[in-house]
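Next up, some structures in structure tokens.
Consider the two complexes below, in which chain A is the common component and chain B and chain C are the respective partners.
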Partner chain A sequence: MTAKKLGLKQRYAHMTRGLDWETTYQPMDKVFPYDTFEGIKIRDWSQWEDPFRLTMDAYWKFQAEKERKLYAVLDAFAQNNGQTNLSDGRYVNVVKLFLTGISPEEYQAHRGFAFAGRHLRGVGPRVAAQMQSLDELRHVQTQIHTISHYNKYFDGIGEFPHMHDRVWYLSVPKSFFDDARTAGPFEYMIAIGFAFEYLLTNLLFVPFMSGAAYNGDMSTVTFGFSAQSDESRHMTLGIEVIKFLLEQHPDNLPIVQKWVDKWFWRGHRMLGLVAMMMDYMLPKKVMSWKEAWDIYFTEAGGSLFQDLARYGLKVPKYADVATAEAEHISHQNWAVFYQYTHAAAFHTWMPDKEHLDWLSEKYPNTFDKYYRPRWEMWAQMEKDGKRFYNMALPQLCNTCQIPMAYTEPGDPTTIAFRESRFNGDTYHFCSDGCKDIFDGEPEKFAQSWLPVHQIFQGACGGPTVPDVLNWYRLNNGADNLDYVGSPDEKLWNQWMAGAVKAAG
Partner chain B sequence: MAQIASLTLYHNDEARPIIDAIIADNPGIRVMNIPGAVKLDCDGSLTVNRSSVEARLGRSWEPQELQLVLISMAGNLDEDDDHFTLSWRH
Partner chain C sequence: MSVTAITPDYQKHIEFRDLEKNFHGNRLVYVHWEEHLSFCSAIAFPLPGAMPFSAFVDEVIKPHYAAHPDAGNIDWAKVVWMIDGVKTMPDMSKSLEENGMRHKSLVRFWTPGLNGFKGSAS
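Let's look at the complex of A and B:
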């Protein structure tokens, strides 16, 4: 008689059986001190399902295979000087923003899932959170390896971890993860596992990495899709955690709803940076931000919330506002970076005629009316030798930390301002969504490290722009300002001239 | 609104037999090509069958290997030795 092989479901049950146990030297509540204070009630941890049923041995096997494939591509890219085959030198600015703004968050996610994996007392979520923690460490490492090749040629990359902790716009993603990591383990799981991974990472990785492929960046698309292949597991963990919490106890619903509302809005604000990359920074475009939003939030999110409605969970508050903003947000963000190009570690430019026409076509309701005239005026000012720089430090939203440049819902010609009073001080916000978040946790958000406030308080190297840039380790005249006239542009033009010569 | 079950896969040689199997086994499927990837959408549910993939691949194949070419997905997952199914049914 031949031994019968166990099926996937039985194998998983055997491999994870007994990984959790009741502690005897110390009471369970002392071993797991953080999983009760948030008010979440769990009746039975064993109800947790991992539909991937991935055991540690299979995990190592698959991850090793992914790494082998990725590094073969990175090697080939370097050997063949892949950087010279990009669509345009401008493209590299996308990679710079990615490494300074997103890769450090992969590391934060690694730390966060390590914490969740340690402090949730059920075995199912602990195994899944542990794998995700390792995945996120892999993501940051592969991104640094990939982009280090660009660092040999282009500016603005070499000081990325230092910049991440100091530069004004990088405080947007940094504060997002700082907020999640200083929350309890359940809020962290809803914030990053559900709201970020399930609802929003598709918007980050899929159209963006496809854009990298389209612009000749084989190395970035390869790490991007390699990371994204872990993402399906992360999304599954996110959806399992929310179903589990809602099934365990009806008292969990209002707590979870509040987190979903909060983290949806925070995520939406942070992804405004991605919106700008897609609409303005990719020389060859795959889809507009608005199109990506329609597919990945309206359509995919719609299916999901229809499903979660049976637990009483509602579509996140202000989802309608976010959807209306999808026609504005990339333009308003690019306007900010264009005006503050002297303080950013990547290059900016005004779109050319072909690009403007693409934007007009993709944004028929808003672009010609509100944004194109401004871009044409700024382009004209450049021609006249009066390139517009905004030298005033902007007011920042106390929650999302973005300059207060967003407009009123339904009125794109009026800047939105909201405020709250707390302990005798006034706090300012870009939107109702950000104000609500502050009002829900004023003790936490009153402590925000706001880059502009810090400059005024003398905490950022000195009072002048060069002082602050120096403190950022931003190489003035190379890392910042317009692409035209930059050392990056000069190098790119040399390569292209050389290619023409070689071909001719 | 119909709830959409969806899979996004690499568009490369390794994924092609899997993509073909999915298209053959899920009538009414919608295929969206973007550079480097393909997004497959189905109303309600979407299944990858081990036997269909193996027939096209000419070797044995486990549904867990899907993870090597997977970019994204939508729906509740049910995975076993012979299938990988995403659906919004309960």
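Let's look at the complex of A and C:
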């Protein structure tokens, strides 16, 4: 007689049986010290529904299969010199931004979910968080493998982990995750699981993966597909955690709302880098940042918050400000990198006329009035041999750590300045959103490691720009400055000339 | 204490990273030329509080904004100044400190008649 096969649900129950035992040698509160101090009240952990019911053995099998397919494509890409089929050599700078700005955060997410998986006492979220932790580790590894091929040819890639901890603009994503990981496990789950992986993830991954597809980067596209089934699990965990917390106790609502407000705004600020990538860095454009924001935040996020309204949860504070900013942030951010190109580990360039016309068309309300003149002025300066650089260091926002380049809501001609006093000192912010976050936890944000201030304190290799670049391990003259005139451009032009010659 | 922390004595462990004493005798000063957003944000400098305001203008502000085509046309006698949110007429012969500038003060200035490339605030 053969044994009867178990159904999926039975099998899952069997495999996870007893994972949530009550400890007897030590009190449960000592074994799980982190899941009470944030003030979240849980009545019944068993109410957590895990719709995937994925067991560890199935997880390994499934992931191993995906890895095999991914690495087959990566091998083929390398053997066929796939890098020569890109739309343009400029595109590689998108890959550089991804590897330096996003991949290290996959690793931070791995660490964060490992922590949540250890410290939440309910078995459902523990298993889900542990699997997500493994996913994130796999993502950072496959991203490094995918992009390592570009490292054979292009500058600015090889020192990405070192740069992550030091370079001024990489402190933006780094401090975002540092903030999440130094919070309690529930705030972490709302910050990364809900706000980032559920609410905003489409604004991160769709632009990068579609951008890759449009621009001939088949290796990154394949990585994106490989990660997609994980992402749907992550999104489910993100929505599950918020519903669970709101259903467990009414006292959780104000705490959760505060976190949603905070992490929406922090996420919005960080995604400004993606906005700039979409509008300025893709040689072949997918859609504008404003269009992406309208689809993935205004429409999709709108229906999500309608759904969550039954728990009393409101649309994040300043969502309206963020939507209004979708007209401006890509232009303001690319302007930052254009003038600080000497200190960036990727190349910048002046948008050409066709590109400016595309921006005028996509941003009819704002581009011609506020931003086109800026590019035309700088283009004229370039032509006159006076390419515009900003040779001073920028004032940074004490919360998001981005140069204070954002303008007043409703007035794109005036920088928004906000400040708070704490413990006898002044702290500056780029927006009401960032000021509110500081005011909610000034003890935490008074400790911000702000790159500009650290340079002045003598903590970054020396007082001059070359000293600091050296400390960043940024190869001055190759990794930084404009694409035009760079070793990257020279190599790309050689390849293209060779292709023309071969075609006769 | 506002922050929710698991450590009961969190406050004792705060590392205030940007105290004035960390800047080797200088204080942080931010300055911003209004309606000239080619300079994407205010710019930051570590300066001695005893520096005369005139030296701040001549040695710090002027050279760092010189790249802008409007820079040569500024009539410095007509510049409108704001220090930490208050419109004021700084005394050029007096120091930053005597002009009320503390650590992390923000100086904004307007140049009447000059509002960026083709009036676009760029």
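Assume the second predicted complex is superposed on the first by the 496 of 504 C-alpha atoms of A that agree within 3 Å, B and C clash if a C-alpha of one lies under 4 Å from a C-alpha of the other, contacts with A are read in each partner's own complex, and residues count from 1 in each chain.
Convention: a contact is a pair of C-beta atoms (placed from the backbone, for glycine too) under 8 Å apart; a residue touches a chain by one contact, two chains touch by 3 or more.
Keep in mind the model is a prediction, meaning the values are calculated, not measured.
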Fit-or-clash call for chain B and chain C when the two complexes are aligned on chain A: fit
Partner touching more residues of chain A, whether chain B or chain C: C
Contacts of A:Leu450 with chain B and chain C, given as first, second, both or neither: second
Partner chain(s) touched by A:Ala335 [first = chain B, second = chain C, both, neither]: second
Angle at chain A between chain B and chain C, C-alpha centres, nearest 10 degrees: 150
Chain B versus chain C as contact partner of A:Glu65, first or second or both or neither: first
Touched partner set for A:Arg53, first chain B, second chain C, both or neither: first
Gap in Å between nearest CA atoms once chain C and chain B share a frame through chain A: 31
Chain A positions touched by chain B in one structure and by chain C in the second: none
Residue ranges of chain A touching chain B (in the complex, touch as defined): 7-9, 51-54, 58, 62, 65-66, 69, 202, 205-207, 209-211, 213-214, 221, 225, 228-229, 231-233, 235-236, 239, 286-287, 299-300, 302-304, 306-307
Contacting residues of chain B [partner chain A, same complex]: 1, 3-6, 8, 10, 34-37, 39, 63-65, 67-81, 88
Chain C to chain A touching residues, read off their complex: 1-6, 10-11, 14-19, 22-24, 26, 28, 30, 32, 34-35, 37-46, 64, 67, 69, 84, 102-106, 108, 116-118, 120-122
Touching residues on chain A, where the partner in the complex is chain C: 33-34, 37-39, 184, 332, 335-336, 339, 369-370, 373-374, 376-378, 381, 386, 388-396, 403-405, 407, 412-415, 417, 419, 423, 425-428, 439-444, 446-450, 452-454, 456-458
